[in-house]
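Shown next, in structure tokens, is the structure this report addresses.
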Amino acid sequence: MPRHYTITLSCPDRPGIIAAVSSFIAAHGGSIGESASHTETQSRHFFMRVEILAQTLPFGLEELRARFVKLADEFNMQWQIADSAVKKRVVILVSKQEHCLSDLLYRWRSREFEFDIPCVISNHDDTRSIVEWHEIPYIHVPIVPENKLAAHQEILRLCERHQADAIVLARYMQVLPDFFCVAYPSRVINIHHGLLPAFVGARPYHQAFERGVKQIGATCHYVTQELDAGPIIEQDVIRVDHTETVEDLIRLGKDVEKTVLSRGVRYHVEDRVLVHGSRTMVFR
Amino acid sequence: MPRHYTITLSCPDRPGIIAAVSSFIAAHGGSIGESASHTETQSRHFFMRVEILAQTLPFGLEELRARFVKLADEFNMQWQIADSAVKKRVVILVSKQEHCLSDLLYRWRSREFEFDIPCVISNHDDTRSIVEWHEIPYIHVPIVPENKLAAHQEILRLCERHQADAIVLARYMQVLPDFFCVAYPSRVINIHHGLLPAFVGARPYHQAFERGVKQIGATCHYVTQELDAGPIIEQDVIRVDHTETVEDLIRLGKDVEKTVLSRGVRYHVEDRVLVHGSRTMVFR
Amino acid sequence: MPRHYTITLSCPDRPGIIAAVSSFIAAHGGSIGESASHTETQSRHFFMRVEILAQTLPFGLEELRARFVKLADEFNMQWQIADSAVKKRVVILVSKQEHCLSDLLYRWRSREFEFDIPCVISNHDDTRSIVEWHEIPYIHVPIVPENKLAAHQEILRLCERHQADAIVLARYMQVLPDFFCVAYPSRVINIHHGLLPAFVGARPYHQAFERGVKQIGATCHYVTQELDAGPIIEQDVIRVDHTETVEDLIRLGKDVEKTVLSRGVRYHVEDRVLVHGSRTMVFR
Amino acid sequence: MPRHYTITLSCPDRPGIIAAVSSFIAAHGGSIGESASHTETQSRHFFMRVEILAQTLPFGLEELRARFVKLADEFNMQWQIADSAVKKRVVILVSKQEHCLSDLLYRWRSREFEFDIPCVISNHDDTRSIVEWHEIPYIHVPIVPENKLAAHQEILRLCERHQADAIVLARYMQVLPDFFCVAYPSRVINIHHGLLPAFVGARPYHQAFERGVKQIGATCHYVTQELDAGPIIEQDVIRVDHTETVEDLIRLGKDVEKTVLSRGVRYHVEDRVLVHGSRTMVFR
């Protein structure tokens, strides 16, 4: 895909926003690729995402930003512009279970994902071998009850040193401390192995089995200070019935988890997700 | 489909149950149609459902029951035998919303459902016309806060007078009092417009919208004294995204609700549902 | 929903189309509701759908059309503008099976559908009663092998006399003659009881059973002169396995058919479907 | 899971089969785990699968087979008995695309799969590294138009030398010659990247795009001499719309392909699939 700039913005709704943005782009000869917008009818808030082919503009990213800021101020926009030529840096956190990590790594090495993985960090050493086979640095930060805060301060430093744009919790089984969530708002992506808001917390498949549900699922969401309550990016389900044991649910659930997580990561890295309170707009 | 007897049973698991039941049937020349069994590995409890072609037995239902009771006692079974020639009687309770009622009535008049509907009871008069067009008696029992108990005692009397085998709450918006749940255990079937255990209680689509979920669903379950907590018979979902308003969720949800309810009712009436604690076995 | 005009357009892609359309609307003070666009990357063809709140414009529909035509000519657009205050007129054709008809009628009487049904036409008399209960005229046009052409000329005359904007084949089991397809291009909507392009033609569920598929489905599509080959508007599926007989497939399939047809009809009537060769863009 | 014997059988339907089989097991003190049966109503053919806990029998596999043969002869059964303690040997054939291979290997190394992989054979050398990292022998058999038959004779010899119980085509892009299909009837498992019988042959996603379908899918099936026409083991779908390019379909399809293939392989290896003409019974 040719180089493109992706503008994402949100602002209070009023007539003329699409006209202003698209006229701004057209005035500079810019060619629009994908374009999508949405207005939340209850809150009267407007959201837009538009891709511009870089080669059709007579100037570069900095100039684009400099010129766009006037328009943005006029409409009171929250906005950002991403450049597809600048690869995002995604740090992966993992514990012992490997299915999500393995799936992310496959997509990365097959170039389905276009981002960089500067390192994988884990509180266990189990997945070192497969990570290092990909020639990605593997950093083991052991965690025991006594060092939880210190360990996560160390992990935060590692993320900062590796200039992480996003942090993916690929079945990372520790609760992130508040200072971590605050440091990367709407940039820490978790996969929960239950269809939130059902089955918050530990052992969701055991909860699902006890309750006798006929659909199980997984939820990809941004991490906030409240456990399993952050804005949902993606969810999917699979049908089950009484014949499945808890072990079957865990096995079947893994397939949903890894697919849902990789979709969510993709949407995030491609700047397709806009957050508004507890909800996300995902311009697929 | 030719006349058949359906045996459903459950008992503590031990070797030889299938052999005993199938040999009992074979010994009398009985021909088996569908047959299914399941053992809950945690509780070591066994469940079985078997259909016998009536014409292949040399005796009738009463004799079959009389002979089966010895076998049932030996294995400590809870059991029942249904006769497909005896149509079940299903009373429908409804409030103002008509989509589930309308769907049930269509399936009934097109003979997709093989049961009788002795009457439809409602706390409103809105759906009288379509019910009476089907030549089904419509009984209006108005409910106000002051007469809730008395009204439900009247409804219970009506169900008893019409010899209801099952009671279907087709978007009946009143909470049934405890004495009603106790009178018809595992025989009152509700449709909840949320994917339980998420979104218990009122306005589940509004809750789902606020939470920003990407899958909405509906749940068909038996009514117990605890609100929306009875054993789940059937669930299904539909994908939604940020473009759907609450009104869209309500509209899309109706299609899931009516399909899930009609499947659950069908399973129940065909004696496909066995309840064990908070879980159901559904032999489809 | 307040009165709105819906512009749908397509034209060869080039920079500035969105800017031109949205600036045109903004220049007259128009407020945009939903807006969506799409470019087919292979054919470089552009598609757009935009809703304008009628009350925000200083003129009416005729003036809007008169002013828009200059813009449309400049970009070589195929376009139309619909007014939500003018209800579309949808004629339904049906044979003996009632599930799709019944579902459409329910949605119509519950005001989920916002269109008029001037009449229902059938080659059988079986569904007269339920149609007339809705106070919709029912026209019986018997068809035998000898009068097929003449009968369809009569049906075409009836559609014209009732000023049909769209014609819905709700399990109408006759093949429409070519002159009929030509008279209403992209306006005759059929439901096929198979997941096209699999199982073209007669008895798709029997074909599906013989082939042992694990997913069955239904397809809502525009009717063209080539049987079951018109542009697909909507499809959905349901999982089946070896336990389902052909009769089960037919029964389960009905639920998919009626849901898929009603979605397709809704998309069409709300001007959400743009046709481009053998493909549709559906702006949901 | 404790060691168990799995009996699978099929025979003309008649009364007493379940009784005979389950009584045979009970007579020797055998404890039944999962048990399932099915009768095809059209062909009057009966199918059964039953698991026996090995430790509850007073004799071993050979004696079980020797005793069962009398019963099998009486009912004219086709049958086999598998021993969970004897791991099946699954040879994987692959070309350049790695997503299915990678997924199979992950499930194998995480012990989700309980079989052995004696070797991976490919007509390309691209996937050698990941296979050898798993310490599985990788055999490169180059194929050019001139040596197609000879190369497949070599591959067949390799399968025989490695005592393959099953052969999995994990996006193997060569058509197997007839002698190969004949050598391993109902034991060569393919994944087709289309929802058969739609989109037989090459480039199914391009076909799907051109046709404008709204659901794409993948099919796991046994290979027979007729291309893409063998009995279907498993299928699944994913919803798409006009916004997806052919490249998007290919990317999204990979997730369905790998999930459907791994399910099919699992069912086969656990002796859950019985073939009857063009149909499979899958006792999940």
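To keep things simple, chains are lettered A, B, C and D as they appear, and every chain counts its residues starting from 1.
The definition used in the following text is that a residue touches a chain if its C-beta (ideal position, glycine included) is under 8 Å from a C-beta of that chain, and two chains touch if they have at least 3 such contacts.
Source: prediction; values computed, not measured.
Between chain A and chain B, the superposing rotation on Cα atoms measures out at 180°, rounded to the nearest 5. Listed candidates were A-B, A-D or B-D; the one reproducing the C-D interface, defined as more than half of contact pairs identical by residue number, is A-B.
Two chain pairs, A-C and B-C, are compared here, and A-C has more C-beta pairs in contact (counted per touch definition above). Centroid distances from chain B, each centroid being the mean of CA atoms, peak for A.
With each centre defined as the average position of its C-alpha atoms, the distance from chain A to chain B rounds to 41 Å. Distance between chain centres (mean CA atoms), chain B to chain C: 36 Å.
Looking at chain D, one finds that residues 243, 284 touch two or more other chains. The touching residues of chain B, when paired with chain D in their complex, are 15-16, 18-20, 22-23, 25-27, 29-33, 35-37, 39, 56, 239.
Here chain A touches chain D in the complex through residues 98-99, 102-103, 106, 110, 112, 130, 133, 243, 251, 254-255, 259, 284, going by the rule given at the top.
Put simply, chain B touches chain A in their complex at residues 38, 41-42, 195-199, 210-215, 217, 231-232, 234-237, 241-243, 245, 278-282, 284.
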